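Listed next: structures, encoded as structure tokens.
Consider the two complexes below, in which subunit A is the common component and subunit B and subunit C are the respective partners.
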Partner chain A sequence: MNKTSTDILIVGAGPAGLAAAAAAANSGGTVTLIDENPRAGGQIWRAELGKIRSPAASKFLRALTQGRVDLINSATVFAFSGDNTLTAQTPGGSISISCGKMILAAGARERFLPFPGWTLPGVFGAGGLQALVKGGLSIENKRIVVAGSGPLLLAVADYLKTHGATVLVIAEQASAAKIRRFARGLWRQPEKMVQAAALRARLIGIPYKPDTWITRCRGPRVSKRLARELEVTIKSRGSSRVIECDYVACGFHLVPNLELPMLLGCQIRDGSVSVGDHQQTSVRDVYCAGELTGIAGIESSLIEGEIAGLAASGQTEKAKTLIKKRDAATGFGRALDHTFALRPELKHLVEDDTLICRCEDVSYAQVKDFATFREAKLQTRCGMGPCQGRVCGPAVEYLLGWEPASVRPPIFPVKMKYL
Partner chain B sequence: MHKIKVNGREVRVGEGTTLAAAILASGDPFRTSVRGEARAPLCGIGICFECRVTVNGQPHVRSCTVLAEDGMEIVTGE
Partner chain C sequence: MASNKKTFDAAIVGAGIVGAACAVALAREGLKVLILDSSSAASGTTAAGMGHIVAMDDSPAQLALTHYSQKLWRRLAPELPASCEYENCGTIWVAANADEMSEVHRKKAVYDENGITAHVLDAQALLDAEPNLAKHLSGGLLVDSDAVVYQLAATRYLLLKAVKQGAEYRQFNSVASLSDDGVGLPSGERISAGTTINAAGAHAGDLSPSLEIRPRKGHLVITDRYPGFVRHQLVELGYLKSAHGSDASSVAFNVQPRKTGQILLGSSRQFNSNDDAVDNAILNRMAARGFEYMPALKEMSAVRVWTGFRPATPDNLPYIGKVTGFKNIYAAAGHEGLGITMSLGTAELLADEIMGRESPIPRQPYSPGRSAASS
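Take a look at the complex of A and B:
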């Protein structure tokens, strides 16, 4: 095993991690940024960091290219040991990095809800399909239904349209009344208002339907080749209709990737990591920034990252002016949570034979009578596959009210020889 | 351009293409589930493990997290 050490170790090279790295890089200490993606940028700038013309992104690029930050790509952090050391798996073997301070910026993932047909090839996450297109997938002339919940659906629909697809509809489960209130609130935040208006303008031609959700998806029998046509049923205030399409892009807002902070023992409250004024967690020398502390979008990730980077490198004085900005941005996060909270009807999308755990093919009927995730795991293997409950976990928390399962290392499956 | 092989067939992809995108373009399914269903990517970002394939003999690689490079041999459907 390869061993190194650094003053400040940052996990996640998304906006939060990059902002933290750039802020800490000015302090003179050594800064290491680690990410499992082959390229820096996180979810929003994935594969496109070089092309983005935002001043923030170019500042980070400079910090990276001037060698002030040591970037380790294609490295998945899977374990932690008490002496502030993280271990990661890379294509060339495992590496173990010890550090003075640690900043966790592992971001969020989409929440997926099971419905009949959600396991068919061609049914992607919404951000999932966008990520694949950013990874080179052509969607020219594909007919796509975008569904689920959250502002990400708008960004994704816009992205897919710009890349040659026909977006047939955006089915948003949140109510029209909530969306209207949310949109009015955006006026208080000029930057977001401009973004939202630009999006809406370009989205003209794509019907945006609140109070609407997918109830089922059917495909031709999949044998050797992937399904080519899907039939999606969407429901809107009592009436249903069937739409034919090539792909479905469906995700229900986002949930933080809490596995790493839970492994370290950071206090979690209401589904996100609790942090203090300077992004410090309940664990000494461990800071947290970005979507891990609550889903609040890129501006919040950038500010939190900068505060964490300054604080971890002993420059708290400079963070003073940022704290107010941060509190406004997290307020936006609370508005998101309220607006895009899941409606109770979505609990009834599952049927008895709908799979809940895709890794182990465990159906709803097999798990619905258990009282806890732990029992269900032991009896049915639900959540015991390679994704370790990252997909089914948030779904069963919503469907069955189970508490999240505890986290044990390795937090990603790794080859035996690395353990 | 990179030339890779997906189940023995040659696929050409541009610079910066992930293996998941390349396999989707080839039309082959990714993995076969415990009950025998064909599966394909869901999350696109290394979370769901539905996109795993064998790369140069190494099994269980999440194809959405790896960039295509010349000469890679991919086997899917396991």
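Take a look at the complex of A and C:
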């Protein structure tokens, strides 16, 4: 195993981690940025960084290339040992990095809710389908239903449309009233207003249906057109209709990747990491920024990252000047949480034979009578497969009201020899 | 016992695999049984174990109880639901060198004597049986009757069976004290019972201080699915040294094929560690030991690592029977690394003692009084 050390270690090279690295890079100490992907950029910028379009992304990339930040790509952090040391698996072996201060910026993932048919071929996560297209899947002339909740649905629909697909509908479970209130609040954030207006213009022609959610999916079967197609049932205030399509892109907003902060023992409240004014967590020398502290979008990730980078590198005065701006940005996150909170009807989509845990083939009937996640895990192995509960965990927490299960290393599957 | 004035005939403390097995045996005798656990069923050491049902010959008494229990498992197997994943895969005790080959022959003689079918494998036969073992090994002993079970589901099955027979199960109910009249709860409330059974595993000594039980920490790793990679439970012959040596810490090669295609890798033993965190130093030693015997394990994807505490006694035999100094308190605890195997036999011996019957094997070696007598 390779061992190194650094003054500031940042996990996650998305907007938050990049902003933290750029802010800390001027402080004189050594800064190391580590990410599991072959490229920096996180969920938004990763695919772009070869051919940068967004000015913000290029600014940070410059900070990286100026050599003050040591970037380690394709390295998945899977374990932590007490002396502020993280261990990661890379294609070339495992590395362990000890550090003075740590900034966690591990981002978020989509939340999936099980419904009958959610595991059929052709049914993807919204971000998941986007990633497949980025990876080369052709969706030219494919008919796609986009469903679930949250602003990501709009971004994904836009992306799919730009790549030649016909988006039949965007089914948003949140209520029309909440969405209207949310849209009215955007004036407080001019950049968001502009983005929203631009997005709306690009999505013209695609029905955006609030108060609407998917209840089941059937197929794929061979249609009259001799194509394999899915039959999706969507429900809108009491009335249901069936739509035929090629793909479904379905995700219910985002949930923070809490495994690493939980492993370190950071205090979690209401599903995100609790942080103070300088993004410090309850654990000494550990800071958190970006979606880990709550789903609040890219502006918030950037400013939180900057504060964390400044604070961790001792530039606290400078960090203080950003607190107000940060609080405004995280306010947007609270509005998101409120607007896209899941409606109770979604708890009743599952049927007894609906799979809950795809890794271990565990059905809803097998888990529904347990009082705790731990018992269900032990008895049925729900959440114990290779994804380690990343998919079914948030779903059962919502469906059954369970507390999140405890976390222990390795937080990602790792080759035995690197344990 | 079974006094009419008591609320229950038998109160069992602990719903691990041992408590659950005792509940079935006592309910079957017609006793009114209560089973209490401070947490949920099978969430203690039982959750952490490997589920190897193994005839083990460290001492004649150990062999007697493991062998007897194994027969009870085989009898139970047809009624176990699929979730229990009972599989009669057999064990191969792997010999690394010529010295250990002579141990293979000694062991074979002991098993023969006790009516346990075992086959000596030479180096080639070992590789034929398990192609993924390292090529430099000398051979092994294949024991047909050993099995594996998903002990968590089995514990639940036993518990539900006891409940069907009339037992009452209360989870998240801690017991604070035991007396000849029943159990005391932390609230001060008392539940009266004609007989009380201490099946609190590694914590049994908290309630019955005369039981000498020390937690002995172990680590296990489970991999992703590699169906067919391992066919038998494989244990290095040096295992007994590890299991019963008194060293502060030791590791031994021990792998188990799960029905799911996953592979469980063990095992480690540590005294003096009460922290359930993964200990990287010992985990690395354990993995390295595994690689010596099965090099391809190195490249396999490890999905989870966990630890558990074996309830260890000074002579490596469990405490089964009346606790010294009490009329109505019995012990069923201290099974170290064999509690899953021994659970069914333990329950029968305990029921026999409570009902005043003879048992198919002598009970004296497991009597809680033995340590007082010998010291």
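The rule we apply is simple: the second predicted complex is superposed on the first by the 406 of 419 C-alpha atoms of A that agree within 3 Å, B and C clash if a C-alpha of one lies under 4 Å from a C-alpha of the other, contacts with A are read in each partner's own complex, and residues count from 1 in each chain.
The working rule: a residue touches a chain if its C-beta (ideal position, glycine included) is under 8 Å from a C-beta of that chain, and two chains touch if they have at least 3 such contacts.
Since we're looking at a predicted model, the values are computed, not measured.
Applying the stated contact rule after C-alpha superposition, one finds that A:S81 touches subunit C and leaves subunit B untouched.
Of the two partner chains placed by the overlay, only subunit C lies in contact with A:P409; subunit B stays clear of it. In the superposition on chain A, A:A371 makes contact with subunit C only, not with subunit B. Shared-chain residue A:F124: touches subunit B; no touch with subunit C. Shared-chain residue A:G385: touches subunit B and subunit C both. Legend: residue contacts after superposition of the two complexes on their common chain; A:T32 is shown touching neither subunit B nor subunit C. Of the two partner chains placed by the overlay, neither subunit B nor subunit C lies in contact with A:Q279. In the superposition on chain A, A:G136 makes contact with subunit B only, not with subunit C. Between subunit B and subunit C, it is B that contacts the larger number of residues in subunit A.
Residues 360, 385-386, 413 of subunit A touch subunit B in one complex and subunit C in the other.
Within the complex formed with subunit B, the subunit A residues making contact are 36-39, 43, 46-47, 74, 76, 109-110, 112, 119, 121-125, 127-133, 135-138, 222-226, 257, 358-361, 385-387, 390-391, 413. Residues 40-43, 47, 83, 152-153, 156, 221, 223-224, 260, 265, 278, 280, 283-284, 287, 290-291, 297-306 of subunit C are the ones touching subunit A in the complex. Those residues of subunit A whose C-beta lies close enough to touch subunit C in the complex are 79, 81, 360, 371-372, 374-375, 378-381, 384-386, 388, 408-410, 413-417, 419.
Taken together, the subunit B residues at the contact with subunit A in this complex read 13-14, 16-18, 20-22, 24-25, 27-30, 33-35, 37-50, 52, 60, 64-68.
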